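Worksheet: the structure to be examined is printed underneath.
Here the chain labels run A, B, C and D in written order, and each chain numbers its own residues starting at 1.
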Amino acid sequence: MTGTETGAEIARAEAKPSTEEAAMPEVVFQVDQTRSMRDQVVPGHNRWHPDIPAVVTVRPGDEFRVECRDWTDAQIGNNDSADDVRDIDLTLPHMLSGPVAIEGARPGDLLVVDILDLGPVPQQAGEIAGQGWGYTGIFPKVNGGGFLTDHFPDAYKAIWDFHGQQATSRHLPGVRFTGITHPGLFGTAPSPDLLATWNRREQALIDTDPGRVPALGLPPEPRNAVTGTATGAVAARIAAEGARTVPPRENGGNQDIKNFTRGARVFCPVFVEGAKLSAGDLHFSQGDGEITFCGAIEMGGFIDFHVDLIKGGMEKYGVTTNPIFLPGNVEPRYSEFLSFIGISVDHERDTNHYLDATLAYRRACLNAIEYLKKWGYTGEQAYLLLGSAPIEGRISGIVDIPNACCSLYIPTAIFDFDVRPTAAGPTRADRGRCAVTS
Amino acid sequence: MTGTETGAEIARAEAKPSTEEAAMPEVVFQVDQTRSMRDQVVPGHNRWHPDIPAVVTVRPGDEFRVECRDWTDAQIGNNDSADDVRDIDLTLPHMLSGPVAIEGARPGDLLVVDILDLGPVPQQAGEIAGQGWGYTGIFPKVNGGGFLTDHFPDAYKAIWDFHGQQATSRHLPGVRFTGITHPGLFGTAPSPDLLATWNRREQALIDTDPGRVPALGLPPEPRNAVTGTATGAVAARIAAEGARTVPPRENGGNQDIKNFTRGARVFCPVFVEGAKLSAGDLHFSQGDGEITFCGAIEMGGFIDFHVDLIKGGMEKYGVTTNPIFLPGNVEPRYSEFLSFIGISVDHERDTNHYLDATLAYRRACLNAIEYLKKWGYTGEQAYLLLGSAPIEGRISGIVDIPNACCSLYIPTAIFDFDVRPTAAGPTRADRGRCAVTS
Amino acid sequence: MTGTETGAEIARAEAKPSTEEAAMPEVVFQVDQTRSMRDQVVPGHNRWHPDIPAVVTVRPGDEFRVECRDWTDAQIGNNDSADDVRDIDLTLPHMLSGPVAIEGARPGDLLVVDILDLGPVPQQAGEIAGQGWGYTGIFPKVNGGGFLTDHFPDAYKAIWDFHGQQATSRHLPGVRFTGITHPGLFGTAPSPDLLATWNRREQALIDTDPGRVPALGLPPEPRNAVTGTATGAVAARIAAEGARTVPPRENGGNQDIKNFTRGARVFCPVFVEGAKLSAGDLHFSQGDGEITFCGAIEMGGFIDFHVDLIKGGMEKYGVTTNPIFLPGNVEPRYSEFLSFIGISVDHERDTNHYLDATLAYRRACLNAIEYLKKWGYTGEQAYLLLGSAPIEGRISGIVDIPNACCSLYIPTAIFDFDVRPTAAGPTRADRGRCAVTS
Amino acid sequence: MTGTETGAEIARAEAKPSTEEAAMPEVVFQVDQTRSMRDQVVPGHNRWHPDIPAVVTVRPGDEFRVECRDWTDAQIGNNDSADDVRDIDLTLPHMLSGPVAIEGARPGDLLVVDILDLGPVPQQAGEIAGQGWGYTGIFPKVNGGGFLTDHFPDAYKAIWDFHGQQATSRHLPGVRFTGITHPGLFGTAPSPDLLATWNRREQALIDTDPGRVPALGLPPEPRNAVTGTATGAVAARIAAEGARTVPPRENGGNQDIKNFTRGARVFCPVFVEGAKLSAGDLHFSQGDGEITFCGAIEMGGFIDFHVDLIKGGMEKYGVTTNPIFLPGNVEPRYSEFLSFIGISVDHERDTNHYLDATLAYRRACLNAIEYLKKWGYTGEQAYLLLGSAPIEGRISGIVDIPNACCSLYIPTAIFDFDVRPTAAGPTRADRGRCAVTS
């Protein structure tokens, strides 16, 4: 690795063993979990902008570790109240670690990103998400919302305890599963042109219904912008122009693809010199769709990357609008699923929509929730479960006019009872409740 | 089994062996593949209506076989021209076998349907789809369309040869895969009320843009209606009122869920006395979404069912709008995938859409097609491949405003070359072409 | 295909459709299940010998079907008595179909054998194994024996009913599983030298304890030899010299590898001109080890092969003593197992054996049987189950002197109760009994 | 947890967060990797004996961490010489951590042991195995030997670098795989009677050929015995009587079952008050059989356990001679294998053995080695690979007299070239060599 653009020197661990190779990845971005991301020795960032300075430069072939805060910068506590979810300040997320520059990366290249390992904060129990625990939240409609916000307009929360690669929750008794641990968000920096495209494109959408609650999109927001090691006018410009981190975009970003797990290889488009890779929003587990918005089991922790380059790879492979990837090969091995179907009909309003997969998946989620309620879970508990457990969401039929058909697969083994339908009917039990607001 | 409602007697195979149990399922719906479905001894049907007479009554616990025509009633040939796809008469599909009444089934029950086995026409090679071969078609925009019809407005076709559970195509050299064989369509009969709801609901959608091409939906169409063993006024009413079979609905229907494969158990809502189970549209294989409309590998063949009842199951389990199911456990074991991502941005028009999973999946499909073109496939070949191979389509992120994120997984093992990206770039080869129109 | 060596003409199905390719494999060996293998129009064989005439010659690249009798030539009935197992004539098995000559195959080549499909006798219920049912037998110690013959010296039987790819047994209530269907036995013909080696090598072993019960091995046995289409002196020589079919050998043979299932590709050494491929002993399912001797679910049926050649492949790939293979990719997807361990200690005699994996696996089997007895199964039922269900048997540790360690994995999903250990203890129930002798 | 029997106080981490639950497991056995196990503050042990004092007492339901040295107490270095393997002192292994007493455990109970997580030494690169690297060794015939010691009588070694859950080796270029990380050895303490049985039983075997090289078994050996916190006469008695740790036995022990990975649940027989659980011999990866003796990728590290009790479980479930278990559900997802077969024939001596699975598996290993040599690997490299990669070893047929049949499955995806046979033949390349002796 070489010096960084900003002079924020990261001392390299020179003390390698007197052996041929050492395999422990160097930590190129360190996080002190007792402090906000803005107060770290080398702060991270929570906007996308080409001018956020790289904190370190690595070489193709390098392996390195990035430490991360949870996406909210630790606004959520390990307790039984959802007030912190209700009151969260959404100008702060996502708190990202990086950017890491890759030597020799040029616009048009593909940055090969291997996810070697990741997990919660190692060897620490504590009060910060990732220190032995994580959380799933349902955001209120007036502050973020979620996929089923019309059905669940208030704030709710579940706390999860980690047991190795498994999780349990006092707010969801009867459930235990192995997480598909992954980063919700990582990507390369946008070029100035690409950034301008994003801001224009999304503002045009917002302008179609500017007062909508929840909002159609989030424009740049200087308040609470954290701009890495940039200072002065550069920092001010980043704060003013920087794209919000919520959506996935051409650079990757908040794709929330649960299959970016250990062993995954991702090919990211490069838009700026050095590529500038940033990452954060680690998830201990997540269901496809991450439907509660803060739907995964959120945590701080670490991620170990290996990087390489395919020169000119965007043109070579026709990769222009999104990364491509090879999923990880160490997912939990579940083989039996209880599955729910939804079609693009709004049954409450008896209205048909045209090949609307979003609605179809929403209906599949609602169908699953109705089913789980028959066993004694509250609707909120079921909603939290669908967001966080390793469920699969599939687009099954997308051409059978007028009804799109989506399906949702819940591994039956995550329950400590037999959740399958039988002639005897479901066994309703007291299954407690999740954290609610005061 | 008991006599049928219509007197259309199906002779039971009485010659059971003089042993305790015989396991070969009785054929309760027979098909002579040399004749149209309307000319069978006991004809099937191609509309949904409560008054289509059951052809046989079976008991809970029974196992039985249903033979099927391909969904088009054999309009497509094993040749190198897509003219038959271009000129298809879409008032004919889907040709269904049944209905089979289940003794004791009442509205409000769940009909338990086990898919024991299914496959092409057994022991026959021939000219009819399912006799050793099947097809995938891209429908023209003016006659059906498909998921990418704005990008591929013309008709195309690929013929697949069956090799046990594997398929190859002279129109897609370099590809060989194991099929996830399943019925595209099966379901119970609607009640009169439910049927009326469908027709009203879908007409309201059609009325929003009645001249659209392709159409937003398909209203009842007396022309070419096949009404089973009904005759006279009953047949005329069925033809006039019967719902078209294209979309999935509350009764199941054309769900095109590739995981309804061997070993699957499906819990179908019952809306009429006897449930009246019908099935058809067998697929040798299909990718999630069935994106080319006639996207699976289509065939005639057989399907073996076992049925049972959960009395009052709709209320017991909260199943009101769609079936629920346990997927089959004999899918092909693919473990490495090349994956593509799409977000709800129309890149061609530089326009953002709000959490539109349909668009996101379309973008993932288009990204996959661009990639495959770099290896020498035509766009049409790649499109046909995505519809028919066992690819998975997932809703990855559906809350990250404004961009829904979908992903598409192609098993790498289906290619006879290494399809993964490397620094060397793709190996472009002459990979022929699919069947086109004259 | 060309004419055969023997003039036993197999009429080719000329009536191919007028289309480019037909995919239904031609039946090159037909079986009338109402007759003994020796009374077929073209009889099969039950000895290995280079001079058994090929019944047909196929070309590299051909696909073809071979029909099979069950291994005993239908000595076992679908009833509740194990007398037929007790009294079986073991000079008859295995009844093989073939040999099929492959044009151009020469000694030193590798014959590439793809298993495209296989299954029971299609579309028939009846009295012959494979016509909707199969069986598992425990042979008595005095007539064949088995892996646990010292613990289970008598004859027992279980009849299995086929439900698509699943099996149940009235003799093993509470169990249902998907079969890993495969041929127990297939292989190429030995050269005269190889045959002589086998006979000499095995006789030397037999001679170390000629009176042992069960025998150490089986020498050539003219009685009941079926020699295909050979006649006269050739038939007499085959009967006198032909190797028995029980063991696996250099040519493949009775390997009983459950992973030779749909999609498998096997590379068989070629020892004679034309390779002369024969097959039989179809299994609907089998556990690793096939421990009851007649341990699989035995049946007649069909197998579809594709063949090709790697010229000089034995030398190229160092394949000298056994086939190599790529297992099939459509095994049932079980993911949770209850596992048992055994080590090379004879606990009954309190004696240690040195790295004896056979003993270790026997102990793992006995441990599993003791466990299953706690739930109400008889030991014989448990033994039959271990032979026939898709259990896995692994060599876990083979170097930790003096104790080899083997392990046995039973899929928990095959039981209709939760078979895992809990604090509550097992639920003992009346689980009937298997077929016994009169 | 309560005080320990020995007064060796382990300070409990009292500083739990002020939240409802903390999930980071407490470290109940700490290891300073810079020191020998005998010089730790609380030393471990390398013999099995009921009188080795427990170092801590935990309660049923507790989760806790145990840190481990590699099995040799760090005799092997990260270098390119196999001299350390050649000269290893085999009176030292296995260095175990523990024993941990479980409150309330009584003889006859089953100790439920969940393996929550395990891995190399966290967050450290260094010179000790487990600090970013591990090793696989072939022991010389005169000092330990191995499964193929007659074919490979000398010492060899491969060093593996860890990349998250993947491993590569400079001594095995072209190979990269995900480890099935597991403890080679864990178990409960024997009762005095059981210990006496072991020593008598194994001595009787040794006495059949006392001078054999390698030895048939290892009797108690006072030299280099490490006896935990025992001192004086107790320590002397442990050293004199303590069973060696090499074999698996009734208490579990060195079972080397690769499926004891994350998520596994093991039910161990309890023979003494408190059960006294000890563990060590961590493996980053291992092939079935661990055939090179030091066949896994050996390392120090940590293991997180959860424990519980089934009172009287040995009788309830018929568990008398070995643990039973549910394997872990996060194995690497490999789906395509190249498989080799072996039968119980000594081809070199042209001799048949009777149903000898040990020989059959040895032949399968030798066949695999011959195959890999055709690609340019040395035999030693191939042997090291089979011991360490996630290969599966199965007992396929164990009743087909006289030939047992075993099979060995190598995941094809671990090679960076296509290792499958084709008509083109193998691509021989220079693949370096492993570490050899000077």
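Quick note on the criterion: contacts are C-beta pairs under 8 Å (C-beta built on N, C-alpha and C of every residue); 3 or more make two chains touch, one makes a residue touch a chain.
Chain labels with UniProt names: A, B, C, D = Formamidase.
Since the model is a prediction, treat every value here as computed from it, not as a measurement.
Participant: Could you find the chain whose CA centre sits the greatest distance from that of chain A?
Facilitator: When every chain centre is compared against chain A, the largest gap points to C.
Participant: I want to confirm something about chain B and chain C. Since they are copies of the same sequence, is their interface symmetric in residue numbering (over half shared, so same) or not (under half, so different)?
Facilitator: same
Participant: Just curious, how far off is chain D from chain B if you go by their C-alpha centres, in Å?
Facilitator: That pair's centroid distance is 50 Å.
Participant: Starting from the mean Cα coordinates of chain B and chain C, work out the distance between those two points in Å.
Facilitator: 37
Participant: Can you work out the whole-Å distance between the CA centroids of chain A and chain B?
Facilitator: About 34 Å, centre to centre.
Participant: Two-or-more-chain contact residues of chain D, please, as numbers and ranges.
Facilitator: Touching at least two other chains: 329, 333-336, 413.
Participant: Any idea which chain D residues touch chain B in the complex?
Facilitator: It is residues 333-336, 413, 418 of chain D that touch chain B.
Participant: Which residues of chain D touch chain A in the complex?
Facilitator: Going through chain D, the ones touching chain A are 13, 16-24, 63, 77-80, 114-117, 122-127, 131-133, 159, 161-166, 170, 178, 262-263, 304, 306, 329-334, 413.
Participant: Across the complex, what residues on chain A touch chain B?
Facilitator: 110, 146-147, 197, 201-202, 204-205, 214-218, 246-249, 254-259, 267, 288-293, 295, 308-311, 313, 316-327, 329, 335-343, 345, 347, 350-358, 360-361, 363-364, 367, 370-371, 373-374, 392-407, 409, 412, 420-423, 425-426
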